[in-house]
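What follows is a group of structures, each given as structure tokens.
Shared between the two complexes below is subunit A, which pairs with subunit B and subunit C, respectively.
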Partner chain A sequence: MKQVAAFQIARVIGWVAIATSAGVVLTATFIESIPGPLPDQSIWPTPRLWSYFRTTLWMAALATIIAFAIATPLMIVLANLRPGLKRRILLILIILPLVTMPSIHAYAWLLLATRKDGFAAAFLNAIGWNTPGAQPFQSAVVLAAWLWPIPALVLSVAFRQMGRQGYLLARLDAGGLTAFLRDAHPLMRASLIAAASATFILACTDATIPPLMGVTEVWSVEMLAAAAVASSRVRPIGYLFWQSWPMLLLIAALALAAIPGIRRMTRWGEELESPDIGLSIGGGGGSWLLACVLAVVIALYPLMVFATEFTGARVDAATAMQTALKTFGKHGAATFIVAIITGLCAMAGGLSVIDDHDNHLVVRALSKIAFVTVLITAILPPEIIGTALASTFARISDPAHWNIYDSTPWAWIAAMLSRFAVVTVVVTVLANRRVPDSLLAQAQLEGARGTARSALVRLPFIWRSIAVAAILTACIATSEIGASVLTQPVRFFGGSLAVQVDMQMHYGRQDETTFLAAIMLVPALLAALSAPALARRRTPA
Partner chain B sequence: MNRLARRHFLFLLALALVGCADSPGGSGDVEKIFGKTGLSPGEFSYPRAISVSPVDGCVFIVDKTARIQRFSADGNYEHQWRMPEHVNGKPTGIYVDPQNRVWVADTHYFRVMHYDRDGNELRRFGSQGEGPGQFVFPCAITLSPDGIVYVGEYGGNDRINRFTQQGEYLDSIADKTTGEGWVERPAALEFDENGELWVADACHHRICLYGKDGKFKRAFGDPGDGPGQLNYPYGLALEAGGTLLVADRGNNRICRFNRDGSFVGSWGSPGRAEGQIAQPWGVALANNGGIYCLDSWNNRVQLIDW
Partner chain C sequence: MLIEKLRFSLATVALAFMLGCRESTESPGPDFKNSVVIYCSVDVAFAEPILDEFQRRTGITVHHIFDTEAGKTTGLVNRLSAEKARPRADVWWSSEIFGTIQLAERGILAPYKSPVASDIPDAYRDPAGHWTAIGLRGRVIAYDPKRTKEEDLPKRWCDLTNPKYKGRFQIADPRFGTTRGHMAVLLSRWGQPAMEGFYEALRANDCQLAAGNAKAVLRPTRGLTEFGATDTDDVIVAQARGDSVEMIYPDLDAPGDGPTRKGTLWIPCSVGLVAGGPNTEAGKQLFDYLISKEVEALLFESESRNVPVRPALRKKLRARATNEAVVDYAEAAEMLPLSDQLVREKLLE
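Moving on, here comes the complex of A and B:
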């Protein structure tokens, strides 16, 4: 019974955490947007904003195309590897760039571009990197270097579970490309759309890579600038919403289009039997090695760039490290604390969305509301999330001027939950679907119902997935910038380390920034190492 | 989890949930606060440099919208203008000379802009590059008592260039060849009554002094958040009594030092309330003896008596 009570408590904590984070964001956005644009705001965006939207769209489209081009060969190899060490290594290498802080990618490319000779300089010149006005192109390349794991992972799952069988059968009477387009592609279409949508949305909303690459006339950067001054408006969130409703509409449409593909991810990690027709489509020793080399280059290039910067003669690495730790150690502590609480709350949030058909009606309703709230909030731009939480929590105060925003880090934690709890929540739901029906029926026969059944039967199956997803969530939260910059209380150890590192990239000293960027790779590495565990199937005794 | 680990964890959790600690700052009265978040006249979006006219005490402030706003000495908005180009980035250095003219280090356009007090352009000079007299990112500007223009820059060159007021390049000081005296991001430049130059050497977390001949004399400050330590000092002001004020951006405070480098005290603690500051990029002296603290993250200026 202890286990059931603990489960119930965790679930309540999860509901409260979601209500006071994503719930606040959605409610505030709804309340402030419904009355329409502000008096000095037109419903139709200005020509300047339209031009920003256009630049954003083509930059995101280019980033998506490049991401798919990088992902495809790796996806094929990954999809054809049997579970084991080889696949785990490749998975880690694929996940690492995605969980690496976006501005670290940008910084690594900037350092590369400043080199005057060598292979990297020749390569960058060859692809037109240094052409005047190439900043949007540079930005698209860096966005792709960050986001390509999304199509690689989603499509490898889709190909493994749907496309591979069709492809192998089609190869009996058709060539490779025809077989793929005719038989595998239709089965994978939903996943393809989901991967493209997710990549495109993240490329559109990122406000860290474009400004570092010198692109400021895009929607995301404009949103960040608008959010910085939105607090002077009567309805700050309404102002942001109506300033960018066409982009929000597009993002919502893309998110809806991605749902069927995400649903098919339920069978993540499952192995389906494929017909043996004597054909191989990758995954052998040679292609694995080639894929690994490619993945190592793409995944670890920031680390390699930073390492070579440190070995440069003009940098005193030891002093830089010492100074960076002295000046930014407290920010690291703040970020660490916030990440841990975010991970714990995300775990509780995951438990709170577990639904059982014979739960009490209220419990079922709360679980569903929590799930939908988390999903919708996750696609909102970080600037809206940050503004909603900062402005709401700054108002909740007592007569002694204590308020949640200034006096506690909850606004910051809530922002991280609003953005990233979705990872834990979706993994929980997907893992929950994999609990065998027969076991649940057996439990019901033995008298375990509702919460008791969730705690005693479902939880042993899914806790490992939830824990890994929570670690992933916490690690990603350490490198968030867009919402952190708006919600971090400066009184809480000076605020986020990621924000400081990003500021360093604009204003700071190169050796310290390089060291800090390398430090920021540690949580990314931890996340990448823990993520493959999600794909493993475990059956409790 | 063993008991000790659990205790540590609970301590961290309690610290995070109960609240954020205030670090005590030195005593000093806030006489006035002006400016607030926004884009309207008299409002700011991340103000990044401040200078006070030695003629009429007017306060000139440049913010991240590339606007230069002029306020009266008591903080009433008077006038504003915008930089001619600002897409690439916004200026981070401003100086008002004894003729009441405004000099701006137009950081991302690699040049110096020269205006009268109403924003009418008088001259511009500078070009991008690493050669003599060229800029990577000019970030601070001032005039010596004999009228030489000093421009600090960062981003690769990291030096202080000297020009005539007509924009003719003279020479550079504090560059990488000067050894101990090399500055990285000289964020603020101030001349004292002896004609010696004080520099907020931001990335080295110290304050440097250069003689009339441009030679490095000495420096003080080291990285950290303890008394007398600095964390990206961005602003500098020399007080008549022989002390100097430093806007210690990373530590969210204003520090006062004797000119020999001994620490006198600090004002402000991190936060948004009156008397609290966040990421101060600048500090300047009012002609009546008060101190303007450019409270950048809070989009305001606090006039303090300290």
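Moving on, here comes the complex of A and C:
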């Protein structure tokens, strides 16, 4: 019974966490947006905004295409590897770029491309990387360097579970491409769309890489400027909402398009695969080694760039490290704490959306409301999320005394949950769908119903998937900037390290910044190492 | 039974949350009595040692929040606006002045005439006391002397429209930061028709936008463009980094002006007291410290090299605001909405 009680408490904590984070954001957005655009605001975007919209779309489309190009060879090798050390190593290398702070990718490319000498700079100059007007192209490449693990992971799972067998049989009488298009592709189409949608959405909405790469004519940078205008308006959140509706609509449409693919991924994290029919795509020792070399280069290039940067530094690495730790150490500790609590709350949020048909009506309604709230809030721009939380929490807490807004990082955690809890929540729902019906029926026959059944039967099946998703959520939270600057607490011992790192990257003080950027890779490495280790264990039968 | 347990759990969590939000009736702890909160968009590397020194001397704990560079002061201005109903900051310290004047106009800053400001010239003080300015940074053109001769560069900002500079320069995105204020100053001096013509000519001249002033310096030093409009501190930081970069101080003359030189735009940092902040007295002490001669000297001695606004201090430190123009910052701040509109419609549209 202790397990049932613990589950109940975790679920209630999840509801409260979602209500005080995504719930607050959604309510504030609803209240301020319902009256419509502000009197001097046009609902129809100006030609300039349409032009930014178009630039954003082609930049994101290019990023998606490049991401798929990088992902495809690695996906094939990954899909063909049997569970074991080789597969885990490749998996870690694939996960790492995705959980690395996006600014770090941008900063590494920036350092590389603006070096005074060296092969890389010469090569990039030769291919026209630094040509005026090439910034959206540069941005697309960097976005792809960050996002390619999404198609690699999604498609390798889809290929193992849906397309591999058909492909291998088709290869008996057709070439590789024909076999893929004719037999594997139809089975994987939904997953392909889901991976492309996710990559495209993240490329469209990222507000860290384009500004660092010097792109000014995109939607996310325009939102930064719009936030400045909004701050002087009566309904700032309403202003931002009506300013951003075309992009929100697009994101919602893409998210809907991804749903069938996401549903088919309910076997995510399992080691199940299509039956072995004695055929192989390749992917032996040679291709594994080649894939690993490629993955190492793509995953660890920021570290390599930072390491070589110190050879020409003004100060030595030790001094840079001391300065960086002295100035930013407390922010690192605060960010780490916030990330851990965000991960834990996201886990609780995941449990809070688990639905069981014989739960009490109130419980079922709360689960559904929590799920929808998290989904909707995740597509809102960080400026809306931060403003909604800052204004609400500031209003309810007295600055003259200890209070939740100034003295604790809750508003900041709430911002992180509003943006990223969706990862854990969606994974939980998907994992929940793969609990065998026969087992649930058996549990019901033995008297376990509703919450007890969820705690005793569902949870042992899904907790590893939830934990992996929570680790990823926590890791992503360490690199958030847009909402963090609006919600980090004034009386906590530290603020957001990502905000500090971002500021230094723009300022160009390279030695300490380079060290800080290297530090920011640590949570990414931890997440990349721990997630596959946790996921590889088999679920109890 | 289950529902009862659920109710109990919900009530427990709700109670815990309400306790977190409660307005304590107990006397405030020492941290609240003797502390001050500052929102700061001055670079952390320059600002934090100054704030630490204030804390060491006075024993008042300083809690600070810094802004991101991408949005310049945007993030913290938004935060001040979002918290207007119940402010948490006591002091606002900005790396520029135009946004501060706008905050004052919105009633976010309180009037405070500091005794420490008595030797600061009137041009750098709000007559009503809503803001005080210190530490100037100049708007300059950065170039690599190894590749470009000084005489080949524009001597006035309006010369950027000369076809001979086509495709050869960058300016930072004028929707943000000091470049935004710079455009407002030009508008206040030139008038709308000249400014519209300037933007149209800039577009015709393939003016590239950089994401920030640091980038506008980086590209000329790497041979990726010939020159860039930026701030003095960005050039000084690049020089300290070992880059080959120099700067010139263009004049603010309007297109068609005669030989008269109107001088270079220098933009100060600014300090304001937040209206209704929780620790006004401690806030005033910090305000006084930030606008003091000592802090002006520290800013000048830092890598940022902000030039003091106090004439006597300038003389003492041998600091010089080269070719300094006389600028009415408040007048330029009034033009910001129109300036932003023109930037969007004429330069970016």
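As a working rule, the second predicted complex is superposed on the first by the 491 of 541 C-alpha atoms of A that agree within 3 Å, B and C clash if a C-alpha of one lies under 4 Å from a C-alpha of the other, contacts with A are read in each partner's own complex, and residues count from 1 in each chain.
By definition in this document, contacts are C-beta pairs under 8 Å (C-beta built on N, C-alpha and C of every residue); 3 or more make two chains touch, one makes a residue touch a chain.
Computed from a predicted model, the values in this text were never measured in an experiment.
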For A:Ile43, is the partner it touches subunit B (first), subunit C (second), both, or none of the two (neither)? neither
Of subunit B and subunit C, which one touches more residues of subunit A? C
Which partner does A:Thr216 reach: the first (subunit B), the second (subunit C), both, or neither? both
When the two structures are overlaid on chain A, which partner does A:Thr387 contact: first (subunit B), second (subunit C), both, or neither? second
A:Leu177 contacts which: subunit B (first), subunit C (second), both, neither? neither
After superposition on the shared chain, which partner residues are touched by A:Met1: those of subunit B (first), subunit C (second), both, or neither? neither
Tell me which partner A:His360 touches in the superposition: subunit B (first), subunit C (second), both or neither. second
With the two structures laid over each other on chain A, which partner does A:Leu85 touch: subunit B (first), subunit C (second), both, or neither? neither
Is A:Val338 in contact with subunit B, with subunit C, with both, or with neither (first, second, both, neither)? first
Once chain A of both complexes is superposed, is A:Thr451 in touch with subunit B (first), subunit C (second), both, or neither? second
Show me the subunit A residues, by the header's touch rule, that subunit B contacts in one structure and subunit C contacts in the other. 214, 216-217, 225, 228-229, 231-232, 327, 401-402, 406, 408, 410, 490-491, 507-509, 512
Could you please specify the touching residues of subunit B with respect to subunit A in the complex? 9, 12-13, 15-22, 36-40, 43, 45-46, 64, 87-89, 154, 184-185, 202-205, 223-225, 231-232, 250, 252, 269-273, 276, 278-279, 297, 299
The answer for subunit A against subunit B in the complex is residues 214, 216-217, 225, 228-229, 231-232, 323, 326-327, 330, 337-338, 340-341, 401-402, 406-410, 413, 489-494, 507-509, 512
Please name which positions on subunit C make contact with subunit A in the complex. 2-3, 5-6, 9-10, 13-14, 17, 20-21, 23-24, 26, 28-29, 31-32, 35, 37, 43-45, 48, 63-71, 74-83, 85-89, 102, 106, 167, 173, 175-176, 206, 208-212, 214-215, 217-219, 222, 224-225, 234, 237-238, 240-242, 277-278, 340, 344-345, 348-349
Once bound in the complex, which stretches of subunit A touch subunit C? 5, 8-9, 12-13, 15-16, 20, 46-48, 114-116, 130, 132-133, 207-208, 210-217, 221, 224-225, 227-232, 236, 314, 327, 360, 362-363, 383, 386-387, 390-391, 394-406, 408, 410, 450-451, 481-482, 485-486, 488, 490-491, 495, 499-500, 502-510, 512
